[in-house]
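In what follows, chain A forms one complex with chain B and a second complex with chain C.
Here is the complex of A and B:
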């Protein structure tokens, strides 16, 4: 007995852990994460903002003389900047709704209980694990005007041959097809999870109430899914505004500037033309635009959630 | 007419059979409760009547028509779910009118029928609200309204009151009963709460382990339980059971050697038996079986006494109040008519009844 008590007394630290050492422990746990965030996120952003207001000094590879809004004015006067923004908008306006509708549609269709479901779901993940540059290269081969398999198939239908990367509209279509191939599975995955989480008994009630497949879809499933659809749209939007790699690998912005999305243009300006200050200004403008639009989307999706 | 016949119905999930041949005849206008512990197959049976589960074997007839292959919407039934299953994005009016809209009923008739159902259930002020703006009781009432507007041949209720608190449950219980008396629609009501089954139903079907233990009116089940299970399941507080040897017809030796003199002889020839006595069928007298009082629980109108009789805990319920104190010995008598004899068997563990009101 006495031995036990002695032990427990000895185990207790001589001093009560004070406030300062408690704080130290807390901060030391957070330090690695903070360091990572500062070096990987905060520093590059502030560096970009800094050089966007300066003349870029190639020698020191940093901000030179402060020039105020000069870079911004130059960018806004540059018609190529607006062209690229327009190209990006076209891509977003077509690709996002297409992917969300396709993703939820496929999820709804494969949601029924059937034996092949697991295999199909697994197959759907493949496009997501392929590196975007590889996907771009792969599709470049598939869509090749001369020996690509897509034109070969379309030939059976009496279509083509189509010059996928030579025609401006078709090139944009090709980019959207590749992007959709790559990202729809992600939405299918989210949608499948959302469908599985829906209350079963509401669908059973609809069955008893006499709702057919179509009215179950529109009167029950879609309204129940609206919050998830809105959230998925925002997530996909955040991914899509960063669109770069697939364009880089498939069309490199061409033909002409038909698929020259804003991120590719910024990259070109910086690392090909070495106009770092101007491209930094563009990056900041795009960042602000993205933040504003994301804010609007988030607000809208919250409104939708209240509605349903 | 709204008759339901269930003929030797079986249900298997893969190799596991959960319903082992169940037959019930339900008359038009009857209120039948399916009651039993969880896992007994009562909800499965109800869902098979609704058409939400396939029928593995046997036949179900609604209004004299075999419905085995008929879609739920064509069975002319309405169902009230445990979790209400209201359409969350529709207001009360649209929820109640949904089935009629699916049937292309004219707009004016929908309004008329929804208003009528809302009046019956007192939902008129809530018609424009969404389900999430309603309390549990109101939601359940909307679910019932959705069933009423259909004017179906059969109402199916799947544990509709389980999600409500005890007080509301009692209130909704009498509302359901009143509704049935008013509409006289055939009703099948699934519950695990025997009080609900007893108070609501014309006939109670006690199920256990995928078979029917007994079918009868509530008082038949209470007075003449056909099995130890029914005896243990029906009645609150539950029946007391004593297992022992019948030395002769009226001398009953418990396992610890105590010999009780029974006021009535066992009608069949058993050497070993379990006797069942309901707590409310004991009377306290000057002579009789001695029992040591351990707990006294007065509720005003009646008093529940927990006592030890030959080492076994028994419950005694007497009307009014008592001056007996814990630690004292009381002498128990039983009306000869009110002793139940069963073949000796372990008393089935029946899920303890939750907050019986």
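Here is the complex of A and C:
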């Protein structure tokens, strides 16, 4: 190893003074992070995998004898697991595109040049830092079928009263509304910066060439924005698969299991039913699914970048 | 052509479309702020003003909900716990993550790129996959309900976050900074701590604040790894919101919610310029 450093030292004299102890110094910047992440991140993941292949031993409160795929088979046979995955998928498929489109749309609106622009943009930080569990609780109050202000207002439009938390579809809608309220501002802030970074002269040129607003949007703005839109989608996806707090506070998975997203389901199975081995198997399945889908999204976003 | 276009005077300021855009932007930001306004308003209401139709915008404000809840020992304790854990996790992660981010950006290390990629991937790990084993291990070693356990658990998502942000921040600094310092006889540590850190202070501080906000809001690990002594405010809110036995205690929910949200909003607005910049860079360079 130290020989190796010697070689690279000759190539880059300034940043690599030729002492073999420098290797230690250099790694020392990285070492605390590696130590913490190995013990707190890598080790727990391997422990989860270990438990998922074992019978859970209540006496030692840890992994017992090896049972192979038994827990996995049990989980795959469990219709509640599939239901929960389906609920999670419905939420993701509706919420993610909605939030990205809304986020960029709102960013376009609030980027209009006027004296209050900076203030408006700063205000969009506020929903973004409201704790998700608070967001869930406060919307539960707003959407309350009896006393909530939402149903009161919808009444003026002749709608309702809607039983937001009693009807399965409305409960899912409520979850998506809350999540969209909490996360769209995050996309708005990314999008405003992206819109400001767009080259102005291209738009002026399009205007002079007589392109209308719609074709300017589709043939000039969107292609330029594709890399940011794709990156935003991936970031939001990584957050959305962790959906837990809002559901826990707003519906607790109900009514029935209509909003029982996978993280809440695993949480309940592990910490209420104490089925740790099965929960571990589910967690591993979800982990693999997430990783595969993240890989696909990353690759797709790179492809999109090349295309445009 | 484009130079002719850019030299043209801006006309957009007076068109109807522009006015509509401004009005739309203002209206939407009000829509997004309303729920928070409504929560804060409700927290100052008396029970009879909360459960009434039509909803009341004007009423005699009362501090009853705050007085009642701030006197309850568990809420005060939870507030203190949340402050301890958020500060501890924030400080630990900023120190460890900033150094690692610097290493990834500037120091050539064998295998560091792989490690960086693994860390990026770790953002996809569902927290529930960590919560189960953490609970089991913590229980075995008697670490349940301790601040340090939560602090370490939070570092699993904060360190990658800090590393990622600080890496792109350091890559934006000119290389000559440390090169000249090290030629002048500074050690690597000297160059980092005396030259790089001081000029990066605004970025480091805003990252620290945002990390503390993330820790402040966290629910899952707090639910799993604490029960009484080290439990945090989000757990209390989840409890109040999910209390189906006593029904919706909206006064409590909104008062505790307001207490949770206000400090965070103030901090976030303090660093808003850096926050927006960090977000934008995270999305475009990440």
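Convention: the second predicted complex is superposed on the first by the 288 of 308 C-alpha atoms of A that agree within 3 Å, B and C clash if a C-alpha of one lies under 4 Å from a C-alpha of the other, contacts with A are read in each partner's own complex, and residues count from 1 in each chain.
As a working rule, contacts are C-beta pairs under 8 Å (C-beta built on N, C-alpha and C of every residue); 3 or more make two chains touch, one makes a residue touch a chain.
Quantities reported herein were computed from a predicted structural model and do not represent experimental measurements.
In the superposition on chain A, A:220 makes contact with chain B only, not with chain C.
The larger set of touched chain A residues comes from C, when the choice is between chain B and chain C.
In the overlay built on the shared chain, the residue A:157 is in contact with neither chain B nor chain C. Touch criterion met: A:231 reaches chain C, while chain B stays clear of it. By the touch criterion defined above, A:201 reaches both chain B and chain C.
Looking at the shared chain after the overlay, A:140 reaches chain C, while chain B stays out of its contact range. Within the superposed three-chain model, A:210 lies in touch with chain B and out of touch with chain C [touch as defined at top]. Of the two partner chains placed by superposition, A:58 touches none, neither chain B nor chain C. In the superposition on the C-alpha atoms of chain A, the part of chain A touched by chain B in one complex and by chain C in the other spans residues 201-202, 204-205, 207-208. Interface residues of chain A, counted against chain B in their complex, comprise 199, 201-202, 204-212, 215, 219-220, 223-224, 226, 307-308. Remark: chain C residues 1-3, 5-6, 8, 12-13, 18, 21-22, 24-26, 28-29, 32-33, 35-36, 38-39, 42, 50-55, 92, 95-97, 99-100, 102-104, 106-110, 112, 115, 119, 121-137, 139-140, 152-153, 155-156, 159-160, 163, 178-179, 182-183, 187-189, 192, 213, 216-217, 219-220, 223-224, 234, 237-238, 240-242, 248, 250, 253-254, 257, 260-261, 264-265, 268-269, 272, 275-277, 279-280, 282-284, 286 touch chain A in the complex. Residues 50-52, 71-73, 77-79, 81-83, 85-89, 98-99, 102-103, 146, 150 of chain B are the ones touching chain A in the complex. Residue ranges of chain A in contact with chain C, taken from their complex: 4, 8, 12, 14-17, 22, 25-27, 29-30, 32-34, 36-37, 40-41, 43-45, 47-48, 51, 61-62, 106, 108-114, 116, 120-142, 144, 147, 149, 152, 181, 184-186, 189-190, 192-194, 197, 200-202, 204-205, 207-208, 227-228, 231-232, 235, 238, 241-242, 244-245, 248-250, 252, 263, 266-267, 270-271, 276, 279-280, 283-284, 286-287, 290-291, 294.
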